[in-house]
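Right, I'll just put the structure down here and ask away after.
Each chain gets a letter, A, B, C, D and E, in the order it is written, and its residues are counted from 1.
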Amino acid sequence: MARFIKKSKHEIGISPDELLFRGEQKIDNVLLRIIDFDANNLEENAMATVNEVLKYQEKDTVTWFNVDGIHNTSIMQEIAKGFNLDPLIMADVMNTQSRPMIQEYDNCIYISIKMLRHDEETNLIQVENLSLILTKTVLITFQERKGDVFEPVRGRIRKQKKRIRNSGTDYLAFALLDIVIDNYIYIISEFGEKIETLEENLLLEPKQSVIEDINNYKRELNFLRKNIKPAKEMILNLSKMESDLIEYSTDVHFRELQDNINQANESSDSYREILSDQLNIYHTTISSKLNDIMKFLTIFSVIFIPLTFIAGIYGTNFDVVPELHYEYSYFIMWFVMLSVAIGMLFYFKKRKWF
Amino acid sequence: MARFIKKSKHEIGISPDELLFRGEQKIDNVLLRIIDFDANNLEENAMATVNEVLKYQEKDTVTWFNVDGIHNTSIMQEIAKGFNLDPLIMADVMNTQSRPMIQEYDNCIYISIKMLRHDEETNLIQVENLSLILTKTVLITFQERKGDVFEPVRGRIRKQKKRIRNSGTDYLAFALLDIVIDNYIYIISEFGEKIETLEENLLLEPKQSVIEDINNYKRELNFLRKNIKPAKEMILNLSKMESDLIEYSTDVHFRELQDNINQANESSDSYREILSDQLNIYHTTISSKLNDIMKFLTIFSVIFIPLTFIAGIYGTNFDVVPELHYEYSYFIMWFVMLSVAIGMLFYFKKRKWF
Amino acid sequence: MARFIKKSKHEIGISPDELLFRGEQKIDNVLLRIIDFDANNLEENAMATVNEVLKYQEKDTVTWFNVDGIHNTSIMQEIAKGFNLDPLIMADVMNTQSRPMIQEYDNCIYISIKMLRHDEETNLIQVENLSLILTKTVLITFQERKGDVFEPVRGRIRKQKKRIRNSGTDYLAFALLDIVIDNYIYIISEFGEKIETLEENLLLEPKQSVIEDINNYKRELNFLRKNIKPAKEMILNLSKMESDLIEYSTDVHFRELQDNINQANESSDSYREILSDQLNIYHTTISSKLNDIMKFLTIFSVIFIPLTFIAGIYGTNFDVVPELHYEYSYFIMWFVMLSVAIGMLFYFKKRKWF
Amino acid sequence: MARFIKKSKHEIGISPDELLFRGEQKIDNVLLRIIDFDANNLEENAMATVNEVLKYQEKDTVTWFNVDGIHNTSIMQEIAKGFNLDPLIMADVMNTQSRPMIQEYDNCIYISIKMLRHDEETNLIQVENLSLILTKTVLITFQERKGDVFEPVRGRIRKQKKRIRNSGTDYLAFALLDIVIDNYIYIISEFGEKIETLEENLLLEPKQSVIEDINNYKRELNFLRKNIKPAKEMILNLSKMESDLIEYSTDVHFRELQDNINQANESSDSYREILSDQLNIYHTTISSKLNDIMKFLTIFSVIFIPLTFIAGIYGTNFDVVPELHYEYSYFIMWFVMLSVAIGMLFYFKKRKWF
Amino acid sequence: MARFIKKSKHEIGISPDELLFRGEQKIDNVLLRIIDFDANNLEENAMATVNEVLKYQEKDTVTWFNVDGIHNTSIMQEIAKGFNLDPLIMADVMNTQSRPMIQEYDNCIYISIKMLRHDEETNLIQVENLSLILTKTVLITFQERKGDVFEPVRGRIRKQKKRIRNSGTDYLAFALLDIVIDNYIYIISEFGEKIETLEENLLLEPKQSVIEDINNYKRELNFLRKNIKPAKEMILNLSKMESDLIEYSTDVHFRELQDNINQANESSDSYREILSDQLNIYHTTISSKLNDIMKFLTIFSVIFIPLTFIAGIYGTNFDVVPELHYEYSYFIMWFVMLSVAIGMLFYFKKRKWF
């Protein structure tokens, strides 16, 4: 249920280096894939076991080792052992609830970030944890499910002349982070389009459904912001890290990463304000419309009140009501009623009541 | 009464190193327990007097000395004397109103933090002060009542191979702080689940009880935040402390502590915003529903007003009312009334009033 | 009138070292009192003239020289001359409108802070300026009126074994500041109790008087915050000051001062938020109650409208109204009316209008 | 029109060192006045031309050269040339729209600040630009109109013993800035008095005019804050400036300048919050009063509705209405009506509706 | 549609140095223009090809090479090659969605900023990307469309004696940035004038159109702020840059740039607050007006209710209604009705209901 934070009782107090999958399993079998390349050679392969992957560690080439599915503790232990990783890292990889973060170890850098996807059907933002372990020659990535957004990077790797073919694992990691953040911006821009369209409808036809849309967008933007904010912090820490493993943190590409995450943050803030304004516009429009109706109806009733009163007077059965017996009384009554009605209309008009 | 801050007149101006219990006594007798361990040996024992504990000071093993009950001044003085502690520390331990803090002394580090517990019955968050005194070989902890949340740590100590068995008092302290903060997150996630469930009810059936729930959650989140915020500050100061007693502050475990306290803070902020939004949704739904009713009723009355007026006209007793004497007048009146009613309905429909 | 800031035209542009009493005189005659002590000796005395006090300057003992009443320019000049103080200090002492501050001079440190007192009668917070001049052997304090909150410190001085008897003027100054800040917390906790009590009444019986209480508390909390905030800043500057006169600023006692002022600030912020929430609860409760009434009344009227119309129809005096002449018409009318009323009630019930 | 910011199309892109008067001319002829003094001598004079002033540059005395009127480009150029000033300075002096700022040049320091004046008639705050050019021996000040608030400083200069007579141009500049900021506080305290008086009226008689007052005060406080905020920043930069021309920036007088500008800022913030609270009180009072009226009137009408209905029933002209022919029917009707009315009143009372 | 952020799916994950035009094409053919000058010579020319421009690189003169139209990839590549620019720069130039930024390269500095223009017709702010590439002898500027706001700078270049003729490319770049920021201020001041005019109308005649204006201004100010804020950050980074290419960042002209961008930010903030206040005033005025009407109408109806009831009583057809047969009953009824009406008016007046 709780999308914003989840913690079950039995997760409290377990040792931080104990491997325990926390989250919802989204794939049946763990898939292992590698892409191994240098400027001239390229190899793409699915692997059956972790052992087959280990040899790439020794090669000078850049190897991208992608793992889909993070629930299998024994595979995780094999990876940790094979790549000589601190057991803490694997514990973090398996915890889908962890905050986006970056941690430096002796032989690697651990990065985790949230991948966001807008599910058109439920209109909810789906979140998936992405973990990257950056070593000198291998970049290990962990995803919760099969299918990802990294196809453009694979495309760039497949084309021989691209810079990515001449760069190390750090550049590859940046390229992946860049896509993740680009997707943030894409989701926000999708939201943005809907929100800006909403505004036009808002003035034409303020319906209850509009307000539900606004509230949905607000909640989803909140959810988005909660996942993007720590990513910004993480990117900042990445830029301050002085590690042999990262060459590019002073680089222009890296600054673009920062610019993008900033833009994502600022735009989501802008849309938040716009949504708040729209709520106000909605309420103003609705209440102004209601006011118009109530004013009309009240004025309408008020005009009939004295008329009905007059009719009531001459419906009384007193023995002596002199007016009843003049021949033109009935017509005079109509005339008086009309005069009263018109007089009141004039008075209301003069006071600018309608 | 005042949950957020308490200060009675007689507490003003007493010497800061005077031992005075400030708070509500939650246990009858003070309980002393020790767990003493190194990589190979483990001893768990309840102690009758402070004197029995003192010998562990000299041993190279890690000793966790837990005290349940902080109201007994003489025991406090024995501990202070036995462990050679600054009297100020004991004064702070006995003050349940103190802010979470960390203070460095020559021979120890004093840490205090709030343990929170959600009382299902009253729906209130209960707060208990936890004080830790970290010395080279002994970690002294003070709790206000018996029964705690540290069982998982004891479990880890009892298993021989865990890292905790090979580490010092500082790692033990971190493990305890970690559980305290994990409990913050657990409470927030429990709240979160209720809050997110609330949202569904909100749209289906906006009842007065919902608003009371929202206000309760808001108040409890406020209370929680007030206790968590200074803890974040305290953890930050802990990370900046350069002390021989703490080896792990640059460690990954420690960074997890920081990440967790940040996540607790951010999530409570998110839920605050969600609650505010829910309040708005509630008000909008309620007022939109009322508007619908009032509009319907007003339109309904307005339609009858001219009809009743017409009936009134022909209830007058004038001698000369020509219409009264035509044979079909009564039926014509009905026809006119129907026309007026339908005409008005059309007009209102055209102006989109219902 | 203006409690938050006062400045009269003639105060603009006068030389900053000109002695001019700014404020309201709260005492007739200036009272001079000294307490002189070291670890073994203690002397308490009222002094008639400033001259009598000056000799204590030379003694190695700690002397607390307290002045009640700050309106007498000539006494101020005597003190300035006798203790060789910068004339600016005295100008500041005499200005009750000055902001809490700390200023370092060659031979002394000048500290000013606001003492707050909650006046039960008017329900207003009264403010009094406290100035401290810290020299090596004498601490001079200036208060606006007789009677203060420092009795506990005097009590501690009178008891021979207390730390205060073995410490210098700086420790004495800290003890005084500590009491002032403890009083802030005390006032806030008093407010807190009232505010939390208010909440219960709020739901039971939302009266207009409650809202006046809330607004009063808000205004007084505002006033309090305005006086506490600069004190926090002042304490921070005190901690950064590197002066021979202050030994204790790195001390645990001093850190308690900071913790206390922080707690005062945070608690007043918490109560501010609670008050805002209470205002919202009040408005919600009131408007929900009014809605209930209006809904009931409107539904009630609406049910009678068609009934009255029917009665009106058969009150018309047309020659030909066939229904009038059937024997059971009158009873049929009653039956129809009842059916209409019950039908409408069912309809409203079905739409969940009441 | 636009008081908060003004920029006309032709001002865009002109060279920053081009002399162009931007603003509204407030004086016909430029007035040149000097006050020249040292500890023993004093000369006050009006000058006809800039040339006459230049000789004071060479003298060791302190010269205050005041210029009223900044629209005359040729005089400005003479001054720039005579005192060897960067043309940029003069361009800034002539731009009344510039932000309060401080700029260091080789031979002088340029300071600009806004002088504020509360115009009682229009109830608006009038703003006038003050520019100060601080050189070793001459302080040049530029004002937009004749007549200023600096008379107290002139008074202090005229009295021989004052510190100002023994100090340099920097002290004189501080004295002028001090008066400008004192005037900020004076204006705020004037506003404050009115605002605090408003509060009493608010509860007694909430009139529409009150809300206009509140909105006026809000707008003027906004305007004030916009002009004060950059001044605070400017004073801060002044304190960080390391220049031979300023001796006093570490001085107590200078710290008072900072305290005053802070107090001005904080007080205007406090009053802003008070005004917001007052708006809320106003709305609450108004709406609570309206609710009372509407409730009374609705209850009143509702009581008559069934009564009128009963009367209507017995106004029908059915041939057979048995009740009509009992002798006491009319009186029974009255009795039933009374019972219904009283019953309803009891019911409403029981539900606490009035 | 989405004005605040745009990202299409196919833009995700492409290599950062790939040249791809992102945005809306606003010009058919790319225009190349140069202005080449030193203190004595001046040449202005339109160029047909990039090749013709390259020779100016070698000359010692300052060359401003302006490119209108950024959609042509091959021209971009020629420029990158001819001026030996990093391909990343050109990718950024062609991305109209990029955030204002500054990036230092070995042989140049890349600056991008948004040019804003208020379109009177649509009442929307139009945004155009301006990119500057600053090399030692050539300043290359890229604009999205023909026609710009830099005419005043060209004017200053054409006049021989201006400082710009004696300065380098950095001063020219500053002059251009200065105009861009001046235009921000101009737009804000235009808005400001309209907003301040609005306020007067607001009180005289609160119409629905006013609220639409306010909401439009709010949205446009939001849009403006989103584009100005990063520019402020960019200027700040510019001031911290230590590059051989920039001589003037410590200069007074540069500080004016900072002052202007600050003023733009502060003024837009001020107007934001004013707009929020205006919304409040509008709502208050509207609701206070509606309250007046409703109060009047309700009081009016309430007065007739008992009168109509009385008439109803004497319209009943009971056999025995004694009052009906007194000769003056009818007139007495009128008298009673009048008394009731006047009595109620008095009562309402006394309770200050109108």
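The working rule: a residue touches a chain if its C-beta (ideal position, glycine included) is under 8 Å from a C-beta of that chain, and two chains touch if they have at least 3 such contacts.
As the structure is a computational prediction, the values presented were derived from the model and not from experiment.
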When chain B is superposed on chain C by its C-alpha atoms, the rotation angle in degrees, nearest 5: 70
Between chain D and chain A, distance of the C-alpha-averaged centres to the nearest whole Å: 42
For chain A paired with chain E, centre-to-centre distance based on mean C-alpha positions, whole Å: 26
Overlap residues in chain A, where contacts from two or more other chains coincide: 294, 301, 308, 312, 315-317, 321
Chain contact graph, described as a line, ring, star, complete graph or other shape: ring
Round-the-ring chain order [start: chain B; next: chain C]: B, C, D, E, A
Partner chain A, residues of chain B touching it in the complex: 149-153, 156, 162-164, 175, 178-179, 182-183, 185-186, 188-189, 192-193, 196-197, 203, 252-253, 255-256, 259, 262-263, 266-267, 270-271, 273-274, 277, 280-281, 284, 288, 291, 294-295, 298-299, 301-302, 305-306, 308-309, 312-313, 315-322, 353
Residues on chain C engaged by chain D in the complex (per definition of touch): 1-9, 11-17, 86, 88, 98-99, 101, 103, 105, 208, 211-212, 215, 218-219, 222, 226, 229-230, 279, 283, 286, 290, 293-294, 297, 300-301, 304, 307-308, 311-312, 314-317, 321, 323-330, 333
